[in-house]
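Down below are the structures I want you to see.
Note that chain A is present in both complexes that follow, paired respectively with chain B and with chain C.
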Partner chain A sequence: MKIRVIKAYIYKELTELVRSRFIIMVFLLPSMILLLFGNGIRMEVSGARTLIVDHDRSPISYRLISKFEHSKYFNTQILPISEAEALGRIKQARTDVVIIIPESFEKRLLHGQTTQIGVFADAAFPSRGITMETYVKGVILDAASEFGHNQANGSITINQRTLFNQAMRDEDAIVPGLIGLVLLVAPAILAALLIVKEKERGTIFNFYASPLSKSEFLAAKLIPAFLLHSLNIFVVFLWAVYVFDVPFRGSFFLYWAASEIYLMISISIGMLISVITRTQIVAVVFTIIITIIPGFMYSGIIMPISSMSGMSQIEAHIFPVMYYNHIVYDVFLIGEGLESAKTLRYLLILLFYAIVLLSLGRLFLRKELK
Partner chain B sequence: MNRIFWAIVGKELLAFIRSWQLVLVVLYSFTVNVYISGSGIEMKPRNVAVGYVDDTGGGLSQKILTRLHAPEFLPPQRFGSQKELSRAIFDKEIIVGIVFDADFEKKWRQGQKTQINILLDATAASQAYTTLGYLQNIIFDITSPDIPVEIASHKLFNQNADNHTFMALTELLSIITMITVILTAVVFVREKEQGTWDIMLLMPVDPKLIILAKSFSQVLIVMVGIVISLGFIVMGIFSVPFNGSFVAFALLSFFYVWASAGIGLFIAAVARDIMQVAQLSIVVMMPLIFLSGAWTPIHAMHPVLQTISLVSPLRYYIEGTESIFYRGSGWIDLFPYFTGVIAVGGLMYWIGFRKIGRLF
Partner chain C sequence: MDTLKIDRVSVRYHQHTAIRDASFSARAGEIIGFIGADGAGKSSLMHAIAGVGAFDGSIRFHNTLYRSPAEAEPIKSMTALMPQGIGLVLYDMLTVQEHLNFFADIRNINKDASFIAYQQRLLQMAGLEKFTDRRAGNLSGGMMQKLSLICTLLHRPKLLILDEPTTGVDPLSRIELWDILDQIRTQEGTIILVSTAYMQEAARMDRLLLFDEGEIIALGSTEELIDSVRPMTYVLSQQTDGITTRDATYSIKPLDFAHTEPTLEALFFVNALKKGRSLPPITLSTHHEDYVRDSVIMEARGLTKRFDGFIANDCVDIRLKRGEILGLLGANGAGKTTFIKMLLGLHPIDGGELELLGRLIQNTSDRQTLKASIGYVSQHFALYNDMTVRENLLYFAAMRSIPFEKAVDKTLLYATELGFDIYLDELPLNLPLGINQRFSLAAALLHDPVVLFLDEPTSGVDAIARAQFWQLLIALKEKWGISILITTHYMSEAEFCDRIVLLRDGKKVADDTLEELYALHPNAVNFEDIFLEYYR
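On to the complex of A and B.
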């Protein structure tokens, strides 16, 4: 090992990062993604713009409407317009839900005849459409069971206990997952540019001609990126705990150790891309595409892995995000730590990934002209 | 004039095709990538893993459990004790746990109040919410069948609330933005980096013409990508419904790609080398894509973010496209989207012309 040469190389890399102002990006990007997405993504639907058309105007229909008015999930508006007009409003995306209470609703109900409440939900944004539909049904069923609770059999109430996230806060559910995304994308982009930049400018020949070995060259390239992004592990942690108020129940050491290993993986992904590609533009586009999309999809933010089927289940297991995110969710919300065999197994899998990817990079890097 | 325009367009297209890696990556983004994101995500509860502890000895509890069927739920798994059930939830193998107390059924038969205990893994919030709704529905159905109210619910525009089509389409729109912005910015910055841009400006040709021709070449590339993606993936594999006018979509896309190229031009005007293009375009694009309503509907955002989102051309494009594809809106309803896209694009070119179209 030529420690002095490596040191000089690292110093050169750091200077270049500062001069090209890329250093701003190193610290800006993770925080920006975390703050934007953490504030913006909402799984819960609240304040859905609801339009109620009440053709009945009876005490019972008013009771039903007041149920909607008192729910924080709906932003109710009652208009005396026709059904067609109401549907026209959905079409112009001016309202999300239309509820239509038919004429003689109360009369039929009291006579025990079947009557129908019409619910129209805008499902152009599908998950939202389903959620709103479920809420509306819930409110109506709730009102209905209140109306007819004097029966022979007893009543059943649902006693729900939500684990890990008692208040069902979106932040708690999303922010830990975002950490997995952020620590994948930002280091990968940085690492992807490091080698290909020299290739495009032709300065890679300095390395071809130098006595530096391949592993030493990689070490010199990756260590600055690794150290800089190690700081981000703490930065994103602070954002999560102090800005988003996500509880932290596990061991900080586990979080830190897992994050460093994960960082090695994402930097290696970037490095592999950098070794294979020939121009910076290809490297950038390619890195963004293969990190952001799987980073989001297989992170468990939007959908738990256990609910995936077929191919996506397999893809999720191939991509390292899933393993890291399991650990992150554990340390933030659950707090079982290494007591759970699954967490330990996932940690080892991450380590395995890091080693394999690093060796692949060394294998593909060339030290001579083709 | 015309000849010069087409000569520049031809030159840029040639340069694009010569870089086979770039061609591959762009092709990959428009096809495989759109396919992956469309096929992967499913937001409605599907294959939700349910576990239960049943101390009642069957009857009512089984009646409730049999209602939890495919495709929304996996067959419920039985656990011996509540402890085992919690362990499985902690390991994320089970999302919803149901616990029936020993006197659950007895109480119900005697007309007393009784309860079902439900444990939800709230880290999968949306699944948890919807599952709860399902259960409420089932229990209501079983316990009080004689209330004569039916709920006739309709999910408009996307009857099965099929998420595949939606995700594939949104992903395509995001990819269009990303590819256009980066490609256009690089086309200009590469010349800047090599010093040939100054020579271009010194030529006796209107710089506006050069800028327009260069952006046009990238717009062409992206439009071809859109057609491929739409034909093979979005309509071919996912068969996204198409309720509106195809001409409207093509035209809206064309204007939108120009607007994105304008953003690329703006980045090119600010950046000095490709490194900076990479940083700037990511820093500009992430909020742009994010604030567009691709991930969260606009009116569900924080009010401040809602206001900022007015400058994102992608917002108009996505809303417009949704309207064309799903709602089948007419030309008049589409007017605001066209205006939005063209206004943002126009502004970007105005800045671009002033900043990059001059030597001094």
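On to the complex of A and C.
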């Protein structure tokens, strides 16, 4: 390895990045993804437009209705209309949930008889529909237990407490996962471009026809991408902690070290893509496809890996995103750090990935025309 | 002993063989020229020798024998390759000085006093010493090529491989490039392999390799090669058997005419005859439409185009008459393409007046009505490679809203007259370049324009295709009375033009007929000399 050669290349790459203003993209892209997705993805439903048709108009039904009115999850409206009209409103997308309280609701309850409440939720988006349904159930059960409490003693009350994300904030659940996505996509694009740019332009001949070794060329191309995105590790951290108010409970050093290893993986993916592509546009599209999809699917943003099954479970274990995200979620929300054997194991797996992918790139990079 | 020995080298891409069993050798200080049409295998052989592409066979340079790019690694500190294409190895964003630093660093050259002096000398030879702070992207084509050359010379290579370093470069820069090469080879004993499309340059080589369809078909000094075709070269005649160009007739069958002195171009014509590769003749019928021979088709008065910071065209006056071929010549960046683009309305006019077909151009509606009378062929023929020739022509006719039946008839007529009727249902990619040129012209002629604008149509085209293209242009002028405005950087093509306008730095420096220009410059042997008179 000739340090001078690598230095010359790095200086050249940085000069080109600055003069072509591509450097703006290097720092804009990760922050943009984080801000757009961090603010844009919402799993919880709040302010669901709820239409309540109360045929009973009794103290108990009012009490039930007031429970809905006081919840931030519902935006309640009480109308004296028929059931058919109410359902018509769901169809016209003027309301999301319809709750129908039948006549003699209170009377039957007081007599200890079974009674029913009609709940209709718009499930055009299934997950949203299920969520709204669950919320409604929760409110009704809550009201029922209160009511039961007054009636007789000894029924079960639930004393629940959520851990790690007590406030159940979406930001806490999503933003750490996004870091895994951002640090996969952006460095891979930059690394792929740095090599493919020379292929497309023709300047790759300077490498082909000179005594430069393959390792030197790779080092010269990957180090700038690595250094620039190392800064982004800090930038996205600041966004997460100070803009999205995600708690940080673990060791910063672990976060940093794991992220640097993860960076090596993503720039190696970019480098492997640059081996098979010839034009910048193809390289970018290809990189986005093969990084964003696994980065999103297996980041745990949409669905925890543990609840995946079969093929998707296997795929999740093949893509390195899962291992990194486990560590990121740990340092942000839990703080176990290396005391957890799993975290340590995942860190070693990441390191293994980095070494294997780098070696593959070195193996497949050709120093000749195709 | 030969320093470089190429032994039965072949390069294959998938099924296609780019070069087959090439063998030759070279001594230190020798310049060897590679000549031949595009796709004849010159670049592939150069890549093999430079160790940047896989090949079969073996190459020995000094004491290193190599059969693959990996085995060629040891020689790369002694060699340099300049691939085909202007400024291909340069980084647009870096300055001239940054390039020199970068190439010195990646070649690990010791930056001592002698290197600094050498670098300074190279900069002076290239005339770039005043431009060390300028970015490569802002250099002219000629300057880019000179910078590329001195960058490859920094480590004093013993084997220099240059793939068409002068194509598209203006004559003055070409001369400067050659001066650098001559100095380097005498001082450093460098072997130089160089391919070129300019036959005047080929004559400067020690030896020439003639490439054709993936084979080296002739090897020797310029004199030897010219001697080999002398028996087939005759004075100009109306013989239909062989190939007739502007100044000679070539035939492999003995003819009853006197012989004439062949040029290097004759090699290509004789080779085409030997391989039976002559194209169908062009048989244009005369249009009997009446026209006033000297009527003015296009008149530019003080046409000016400014880009931020510089003036691309500065008060240019040009007049094009009916049935005239006007050649617009000039170095790279002299403003030729800008001028054509203003004529076509692709650039807004910043000053002056333009009159087309007797009508003053003031707005886009003026242009719209004139579109029907103008034909344009761009530098890269705008053909669709996945449609057949016929489909291409019908498509272009439809674009010009020519009724379908008329378009079908016209396509057939032009195909017959321009001699490509047997190729109508082929895809352009499978056809010889000469045929593609003919049908591109046919596409531009479908709507019966009275004037054709051609922007460097012959750039990167081999000698035979160029000669035939000019025959066609002259026939169009004579038989159909079409006026042609053409830009070219081949000075030899000026000889075909009726009138020549020479641009320099956006200004018109000459505007005369060829005879008048020769009369003004009695010492000039060819048009290149006249060109240089204006540029020195």
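Just so it is clear, the second predicted complex is superposed on the first by the 356 of 370 C-alpha atoms of A that agree within 3 Å, B and C clash if a C-alpha of one lies under 4 Å from a C-alpha of the other, contacts with A are read in each partner's own complex, and residues count from 1 in each chain.
Please note the rule applied: a residue touches a chain if its C-beta (ideal position, glycine included) is under 8 Å from a C-beta of that chain, and two chains touch if they have at least 3 such contacts.
Computed from a predicted structure; not experimentally measured.
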Partner chain(s) touched by A:368 [first = chain B, second = chain C, both, neither]: second
Partner chain in contact with A:358 - chain B first, chain C second, else both or neither: neither
Chain B versus chain C as contact partner of A:206, first or second or both or neither: second
Chain B versus chain C as contact partner of A:20, first or second or both or neither: both
Chain B versus chain C as contact partner of A:272, first or second or both or neither: neither
Chain B versus chain C as contact partner of A:49, first or second or both or neither: first
First (chain B), second (chain C), both or neither touched by A:184: neither
Partner chain in contact with A:34 - chain B first, chain C second, else both or neither: neither
Partner chain in contact with A:350 - chain B first, chain C second, else both or neither: neither
Set intersection of chain A contacts, chain C complex versus chain B complex: 20
Residues on chain A engaged by chain C in the complex (per definition of touch): 2, 4-5, 7-9, 11-12, 15-16, 19-20, 201-203, 205-206, 208-212, 367-369
Residue ranges of chain B in contact with chain A within the complex: 19, 21-22, 25-26, 28-29, 33, 36-37, 39-49, 86, 89-93, 95, 107-130, 132-137, 139-140, 143-144, 146-159, 161-163, 166, 171, 175, 178-179, 182-183, 186, 273-279, 281-283, 286-287, 290-291, 295-297, 299-302, 305, 319, 322-323, 326-327, 329, 333
Partner chain A, residues of chain C touching it in the complex: 47, 50-54, 69-70, 73, 76-77, 79-81, 83, 85, 88-91, 93-94, 98, 101-103, 105-108, 135
Touching residues (chain side chain A, partner chain B) in the complex: 20-22, 24-25, 28-29, 32-33, 36-37, 39-47, 49, 87, 90-93, 108-109, 112-131, 133-138, 140-142, 144-145, 147-149, 151-166, 168, 170, 172-173, 189, 193, 197, 200, 277-282, 284-286, 288-289, 293-294, 297-298, 300, 302-309, 311-312, 315, 326, 329, 333-334, 336, 340, 342
